[in-house]
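Heads up, the next two complexes both have chain A, just with different partners, chain B and then chain C.
Now for the complex of A and B:
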């Protein structure tokens, strides 16, 4: 019989024996499951936020803000600048008109449903071109606002998170009242956390004169971004930053996701140490309890190496099983959970879903395998290296 | 006609070091066991009976001296060589049976065959035969916890001889059994010697058990005293 066959035989035997060591094995499985649930739950927040914010932008749309501005919120562009930018080469056209949207971005106070506390919500003033730059947006209830009226359409996620945004509601901010006339879906992107109204109406009620905060443009081709940049650089009236929408939102998501990961991974590491202690204890106790069985197999002619690998494999399987339970729990408890948090870049609430990515699942499994390996290695080594006669003396006294 | 020596111990010493003190189990021990013998080793606790069995079975090594099996030195084997040698030549029977609790009787008996190249169907045939020899065919699918001590020991015997080893080493095989069951076990061991040509060595405290052997060795203070059955 080959070494591999011996390993398989011993591993199968070990796994069959798990039922008899149910409580002992359960303790190890439970501790690993707990670590994985907490780790995955915590980090799915970062994944979800990143997916929502970073997944918002298109790489076929350029966003232009004032030079040095960190976000649309702190940007400011005059109507003249906006119009000048829309004449840049590289801007896609429809019926001879440039596909450029002049937008405003303001903060409004809303009540968060879950806490009842007042929070900053994002409101965007858009024009008639804006929707053609956001192909994934569609009205799912009601209708689009009518230009020139105090009407808003709200993102589906915004409606879920904030009070007073149901279809037909009237809500006050910006020294006036607004009527909710529609709800839109934006594929879970950050736009879905926003309230949209006619840009000119927003300018009026927020005393913005004719200024805007950002210009979005559909790029005509792969070199268009460079063309627009060159155009802006050659005109002293245009002190602007230009990037693709995809890059803009990727940068926006970075501070918070980095912070969550800086907390999440060390937290997972510390908890993993606890699980490791549990796994080691379980495996040592389990190996000691089975020392008679292991020694008998070795006396019958099974090799020390297959015994070692068999125990190690058992430990890793326990850990992977624990991680599968942990992942399952995390999926049930966290995946798809809708929450909102302050987006540090825009100082407004971004609504997002916790999301368990494939990469997070891989990290969880890798952590479990490491815990299982280290937890099983030393007990397995002890069992395999102990002289048979000595092991029999220990087990039969 | 005198049979060839199967096991030979020449000048075998065994010392343990415990808490920096050397404990002598035996010193310069000589022993010859021939094929097809049924040997009982008796002696007081601590006299080294189990150590002797472990040395013969290749699960312990002498401090000095030579152990030969079929003319081949086994005390110089590596761990890996010893594992293979044990699988081919030795069957162990323990006082507390040492069956795998998660396996059925048949699966326990099959264990040594997993180390051979026999196919699954051949292994099943061998298991069936071995269980019938120890009269436990009807308990093939029983787990150890579902069997009496005597039945478990019979499973252990079947496991010991299924791979057709030359020698069966039995450490207090009846120590955990009542008199009647002990006799059944000892008769099976006699059967192994008589009908299957095995060499059986048992370590026992029980003079009644030793009566089943053809040769009795008393180990005391590191020396053998021998008495052959009439």
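Now for the complex of A and C:
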């Protein structure tokens, strides 16, 4: 037999043997599958959250809140301040009007569908300009609210996550009633977790007089942010914080991203190491138990190299098989799962989706191959190198 | 050979396997230690809730203020023993990253309703007497080195005072401790009157109310009586027990905590399962040897003890250092994540729980093969070798 034929023969024999060593092999497959499920599940959550945050907020839009407010929620700007801000240089204009939107951001209690418990849902009061500052928003069902009425449009994610937000539903906040007249898509961004209504109506409902909480402005060019900052600093009537919208949202979600980074990743890493040790151990035990068999083959004239490759292949196949099961499980359990959590200083729910990307699948498979390779390499090397006489002696005692 | 030497020899016969098994167990308990601490911290508020305390908030949302008049009205409601109120100040010290849980409260009733806030008697008297006094938690004092008598300027992210600035000056009059392990002392409280008279807007509004009922059995009736009283008014309320309120609040962090704990919890058990499996197999390989020992006159009891002890030793060698390392990890986490998390502590309960799991794992993985070992028929076992 040629070396290739020998390799094939041994590999086939090893793989057939997997069924006889059912408990051993399933322990290995099971452990790898679980680790892959856990890792992919966790990373798809991290990815999904980061995607949602990265998709929210444009770097061509400035958001302005009262200085030191930390978030829109605790900010307050008077109508005069808002109007003054919209006259700043650097604000893009459309038909001679500055592209500036005055907004309110408040919390309403809604029931979360999955738990039936009430949570802080974000409600935003917007004006006519607001939509032109959010290019990825489009109404996918129903229509926009009519100014001056108790009507709301809801983000698609909000509708999925919270109860009572279907088109045509009437929902009461305190003792006011609102009708859901439309559903919008915002490309999965944080905005899609929100409920939008006419800013003027929200002002009345929340006793806010004529005040607002944030002003958003389209930047005319790359230096516009600096121009607006300089403008605000030179006017004593304005004590405000100015950021790009993209920076603002990255900051808002920082507590959660830190948590993921500091608890999630280290634990995932430790877990992977633990699994690797488990896989190595299983493979060692399995090879050792078969030392007699392997030695017999070699005594029959099979080469050391084919035995080595045979064991290595077996190990890698076990790992890949396990990771395929793990990936399948992760897809069933997690992919597309919609969850929400309290997002940082905005103190409201942000809804996001678990997403298993092709990249993640590649990483999982790569990890499995590494585990399989390392797990098989050393035991295979040992089995192939051991002098035949010695090996027989070991298996006999 | 002495007993111990035999144990050691058995354990170290395959050094690589020993190392790998110990390492697996180590990782499993490391995950356990860190996660349990995290989980415990998240749930601390619920466990500490007083059974006879209710919380009333605006029905619209937690942030919507209620009129001060609600306080007097609720006080007169039947079944209510005591009422206090609090308002969120949203303060920070020097810069936004030093965000503090800070409240304006009706001091006397607040301290009555929360007996777990422990302060020395003289400090309590001084605090109650000084309108600008502030009571700070022990943990904050340690973090910022504040002393009694210090003037403490705090910046509010929400409230402007009458001179148009958001900096409010207080005087540290007392330091409160927690007698239980987990009460959050990273908070501070000061007098509502000083705050209310000083603020530029939203006068005479309060954030939420805490009610102590005559007895826990009355909780439901009192909640209903309060909410009915304000139904159809511009300021409807929602009253819940403190435990339900805390739980609902935690629920807001929602799935994240649950996902991390359940998913990684699954990993903990898998790693243990795989490690346990290896340990069982390791003993089974020695069937012959055990038969020889029996022939030599080792009693069943001795063999059983020997195998179980070996398994226990293995588990403890992996598990105990893991608890030590998780302590360091928790400390590192605390300084890395800082204010964003509830107070974390690797409590004795968690340690005991981990050790209980170790013992269980040791007994199961040692006990199973040990049980088989004492049952083996010497002749059959020795015969197996010949095949």
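Rule of thumb we're sticking to: the second predicted complex is superposed on the first by the 280 of 397 C-alpha atoms of A that agree within 3 Å, B and C clash if a C-alpha of one lies under 4 Å from a C-alpha of the other, contacts with A are read in each partner's own complex, and residues count from 1 in each chain.
We take it that a residue touches a chain if its C-beta (ideal position, glycine included) is under 8 Å from a C-beta of that chain, and two chains touch if they have at least 3 such contacts.
Only a predicted model underlies this, so the values are computations on that prediction, with no experimental measurement involved.
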item: First (chain B), second (chain C), both or neither touched by A:319; value: neither
item: Which superposed partner A:282 touches (first chain B, second chain C, both, neither); value: second
item: Partner chain(s) touched by A:16 [first = chain B, second = chain C, both, neither]; value: first
item: More chain A residues in contact [chain B versus chain C]; value: C
item: A:267 touches, of chain B and chain C: first, second, both or neither?; value: second
item: Touched partner set for A:389, first chain B, second chain C, both or neither; value: first
item: Partner chain in contact with A:68 - chain B first, chain C second, else both or neither; value: second
item: Chain A residues contacted in one complex by chain B, in the other by chain C; value: 396
item: Complex interface listing, chain A residues touching chain B; value: 1, 5-6, 9, 13, 16-17, 19-20, 292-293, 296-304, 387-389, 392, 396
item: For the chain B and chain A complex, residues of the former touching the latter; value: 51, 54, 57, 59-60, 79-80, 83-84, 86-88, 92, 94-96, 98, 100-103, 111-112, 114-117, 159
item: Residues of chain C that touch chain A when the two form their complex; value: 16-17, 20-21, 23-24, 26-28, 30-31, 34-35, 38, 58-64, 90, 92, 96, 99, 155, 157-158, 166, 232-236, 238, 247-248, 251-256, 259-260, 263-264, 266-267, 270-271, 273-275, 277-278, 281-282, 285, 329, 333, 336-337, 340-341, 385
item: Complex contact set, residues of chain A against chain C; value: 23-24, 27, 30-31, 34-35, 37-38, 41-42, 45, 68-70, 73-74, 106-109, 112, 114-115, 117-120, 173-175, 206, 255-256, 258-259, 262-264, 266-267, 270-271, 273-275, 277-278, 280-282, 284-285, 289, 339-342, 347, 349, 396
